[in-house]
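You will see two complexes here that share chain A, one where it goes with chain B and one where it goes with chain C.
So, the complex of A and B:
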């Protein structure tokens, strides 16, 4: 008995080893290097010959005092919250809608997925064109429908620019949410609903007291994945607005990139990205805790 | 037993897959990262010319550049000419979209994967010199003995602490373009083309209608925005050391007022110089501030569709001012200095410089090259720019120019959009600049 367990353990380790090696080199090493870099003062002056020295928490103090960083942090939070709200709600509605078996439900659902499958750069360029103030399709439609009197200054006003990227990202994220929730919905056995009907439950009660609790794990994973992916947005925002008029769409990821590769302040950029990492790390740990509890139950 | 065999086989397959994934990392083409794709999408078509097969005996000299379209053709033609003219060296050009190329230099400074010759935009060179991307070639240049022919402004961007790290290859500056038809429909003639800021506001107001703006300029949140603002700053009598002075605030205030009065579109904050040119061509702007390199396209348009336009000095406040642009070539650290320099002698020689610039529609950086072709002094449009060179200022050079630049274009955007008062915007720009100018 003991010998067989030992064999299985060593087999298991062998299977995990390639992925483990990959992660150590591709993810672990850059991560550790980045963290070390954030404690040094590497910039354009200390680059040559690598004369950067350790400066402790100076970079973190500087970045937390930086007005643009604070704006970027606020923007990222606002962006993530609203994206998740919109994507999740509409994705859920679509998932419920398309779970009813009506003709063409399958193909239409497949078409909706195209939005998620398109390369982000293409979506961003499309967004940039569609949200144009004078030439954009969206303003055109809204004006013709009479919903607005004068064109909305989507990408040039610092108040509306962030909504342009939120809407563009929601368009991409809705199919993703819908997909995962559909899978969750299809895992719920129908007889549970039947017995509830026999007991006299109506539609709304069925939804709130049965569907939602049974979907809990799906909803959790959708929200967590969505949060992590949305929080670290880079390509969509960088191409659509490049940080936006006057930093109104600057995100943590785009700001870290600009610090490192635009201004050659490598250590500051590292500090900024470490803070981004820590935020998501906490969220990730929380998620793992919750799923491990679920699996234990 | 069978199960164990399968397990081992699959484990081996996984490991092989992992190792082959690691192997393809080194030497991959620069355009392969997803970041490169996104940056390239904004910078233009990222075509990568595959290097021609080396002819065996010749030593290869790698050259990286970001010239696109017609400029790229001119460069490659000259390189081919050089390659065919001698047996020792083969120059291999590689096009890399500009944003990616700058990143490649940064990464190459660390990894050592640099070309023999690299091209940069003039204000960026100081940063790369500081990072050790380019080699000191002062000795070789002095031995060559032709440095005196080069103009001072462009040369300054290649020089740090008295040492020279490369040579400028072309230069340009900004001036005013005007659409003759749109002027005439407002009842004005070429005589009314503005020479001062007051006149500019006046003419712009007269030529602004429901379908078009009087004036267009680029105010993008990148170096292009800074490039556009510098002439206004200097014309008012300020400079990058006095960004919070009354004169500087006045300059920013004037630009903000153009947006406020509605003679200039606020969409300028998203426009690069190419977008400004496109708006001008589409008749959306009666006048524009743009660079000498646009003449080629505008002339083609003039020939094909009768588009009538003219050029004039940028309107002035206290004095005439404009800004120098252009590209430099340097020999990279760890590169084949000797062989690369031979190519330099060809391309940066009197004839080479004249040949490239006249075909590419740019300006030479040598006074003797300038004298070789009459177009720069006799063509009425090119003349405006070559005369403007006399009062053109270079940006920097400063290793941390990107930080100063960021302060300036942020202020420009905030002022045009009315987010901040010009006074406050310039104050913040001055603080940013002060952090690196000391």
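So, the complex of A and C:
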């Protein structure tokens, strides 16, 4: 019996091995390669001559002193913080709202998810169009409603461009947060609420003393997952603003890309994406712990 | 004790409140779907209406000029073909590696199971910019740049963890007796997987099939990086080229965007229930 069990487990290995090897080749190897590259001086010249050598921490020193990199880092943090604030708060309110029983609650909640599933490149395309100064529909509506006196220079001004991108991303992020929090809400057993009602708890008390504590782990995982996805933003920014005007929407991912494939400074780009990865990794460990605990149960 | 009259009034209030909620929900829905509506109607406007000083919220005359122009544009047709090929290739790689892996993770006690799961979870967090340079240099060496395989392979590395995490619970929840019955009927591990297990979890399979197709369809970064030749690029990666070409002719650009949205909306309309459930399980978005 024992032997048979062992046999079948070795069969299991055969099923998972191809995927595992694939992942190691496609993710593990590039990760290590990238870290090595960040300590070398590979650019278009040394690549052609095959003369790249190790330069220690030079790339990191250079990148940390680089004005644009610092700007990109600040932008990424600003973008992430505000996206998370908006999408989590509104997503949470929507999740609570749509979990009430009223006609069309389900279908409308479902429709909101279309925004979440759209290709980011189309979201960006729409953003470029709708945030236009004179031809854009957002300014037109705001002017018609009398909320602004003159058109806002959304994508043209280096002050407002990042807010345009944040708003565009919230369109995607709110349904995403709503979806995950809805699942968390539906996992709370209803009888908990019923017994609280019998004990005389009102709606606000129920929310603060029951919903919030019971939702803690799903809220945490939504926030961490959201942070990971938001922090590595690329598609949306690349197409909507391409980092401009004057680097005001440059992000870590877009700047790494420009270093590597715009200026062919591969090692500099690698150093920059390693820093991006380290930031994600810190958050990621928290997320992994949470998920692995859930998986174990 | 409540009188009948009181009771009646109370339920009346509840009904009013419910419909008020519906009204708010409809407004939220309208706000969120407005960009899609805008995409659609802009693509139906004429050039003159696009260039006019005042914006129209519904086209004065609905014309299909922008659509016709796109269909006739060889670059558009070619990009569309590339999008489809890359998405299908990525989907095939992802499914053929991901489904067996999910099966193994769900049905077997593997040595180092936790570690393997960790590998799949970690890959969720990788920014694609981390993979671009090493993969670019590797693909350059083996002459895979400007092919369909290169972006498809990279996209699959994101879809496989999604498939494993989404399908593992499906496999876990299948009754143990199913394996045993299959074995008695003379199936080996492979045939029982293929003919018994996979068909039983059809809904899960549909979810990962659709999502892994969409991952490939939506990809911008990998295609843009590995395929420098615009003839090999999908719709997403050629957006800048089209914006240069059509300038302010937003009707053409929106018609282009509309085509990119079609598979998403189709998948959504037909598979909403499966996909939403599956996405929640995996909680992954590329």
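One rule holds for everything that comes next: the second predicted complex is superposed on the first by the 269 of 297 C-alpha atoms of A that agree within 3 Å, B and C clash if a C-alpha of one lies under 4 Å from a C-alpha of the other, contacts with A are read in each partner's own complex, and residues count from 1 in each chain.
To be clear about the criterion, contacts are C-beta pairs under 8 Å (C-beta built on N, C-alpha and C of every residue); 3 or more make two chains touch, one makes a residue touch a chain.
Every value quoted in this text rests on a predicted model; they were computed, and no experiment measured them.
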item: Superposed partners chain B and chain C on chain A - clash or fit; value: clash
item: Superposed model, chain A: greater residue contact from chain B or chain C; value: C
item: Partner chain(s) touched by A:166 [first = chain B, second = chain C, both, neither]; value: neither
item: First (chain B), second (chain C), both or neither touched by A:95; value: neither
item: Contacts of A:264 with chain B and chain C, given as first, second, both or neither; value: first
item: First (chain B), second (chain C), both or neither touched by A:247; value: first
item: First (chain B), second (chain C), both or neither touched by A:238; value: both
item: Touched partner set for A:176, first chain B, second chain C, both or neither; value: second
item: Partner chain(s) touched by A:115 [first = chain B, second = chain C, both, neither]; value: second
item: Which superposed partner A:72 touches (first chain B, second chain C, both, neither); value: neither
item: Partner chain in contact with A:83 - chain B first, chain C second, else both or neither; value: neither
item: Against chain C, colliding segment of chain B, chosen among 56-64, 74-82, 92-100 or 290-298; value: 92-100
item: Shared contact residues on chain A - chain B and chain C; value: 11, 14-15, 18-19, 22, 119-121, 124-125, 234-235, 238-239, 257, 261
item: Parts of chain C lying in touch with chain A, wherever the complex brings them together; value: 18-19, 21-22, 24-26, 28-29, 32-33, 35-36, 38-39, 42, 55, 97-98, 100-101, 103-105, 107-111, 114, 116-138, 153-154, 156-157, 160-161, 164, 189, 193, 214, 217-218, 220-221, 225, 236, 239-240, 243, 248, 250, 253-254, 256-257, 260-261, 264-265, 267-268, 272, 275-276, 279-280, 283, 285
item: Residue ranges of chain A in contact with chain C within the complex; value: 5, 8-9, 11-16, 18-20, 22-24, 26-31, 33-34, 37, 94, 97-98, 100-105, 108-126, 128-130, 135, 137, 140, 171, 174-176, 179-180, 183, 221, 225, 228-229, 231-232, 234-235, 238-239, 252-253, 256-257, 260-261, 266, 269-270, 273-274, 276-277, 280-281, 283-284, 287-288, 291-292, 295
item: Touching residues on chain B, where the partner in the complex is chain A; value: 4, 7-8, 10-11, 14-15, 17-18, 21-22, 34-35, 37-39, 41-42, 102-103, 106, 109, 127, 130-132, 221-222, 266-267, 269-270, 399-400, 402-403, 406, 410, 413-414, 417, 419-420
item: Complex contact set, residues of chain A against chain B; value: 11, 14-15, 17-19, 21-22, 25, 44-45, 47-49, 119-121, 124-125, 133-134, 153, 155-158, 234-235, 238-239, 242-243, 245-247, 257, 261-265
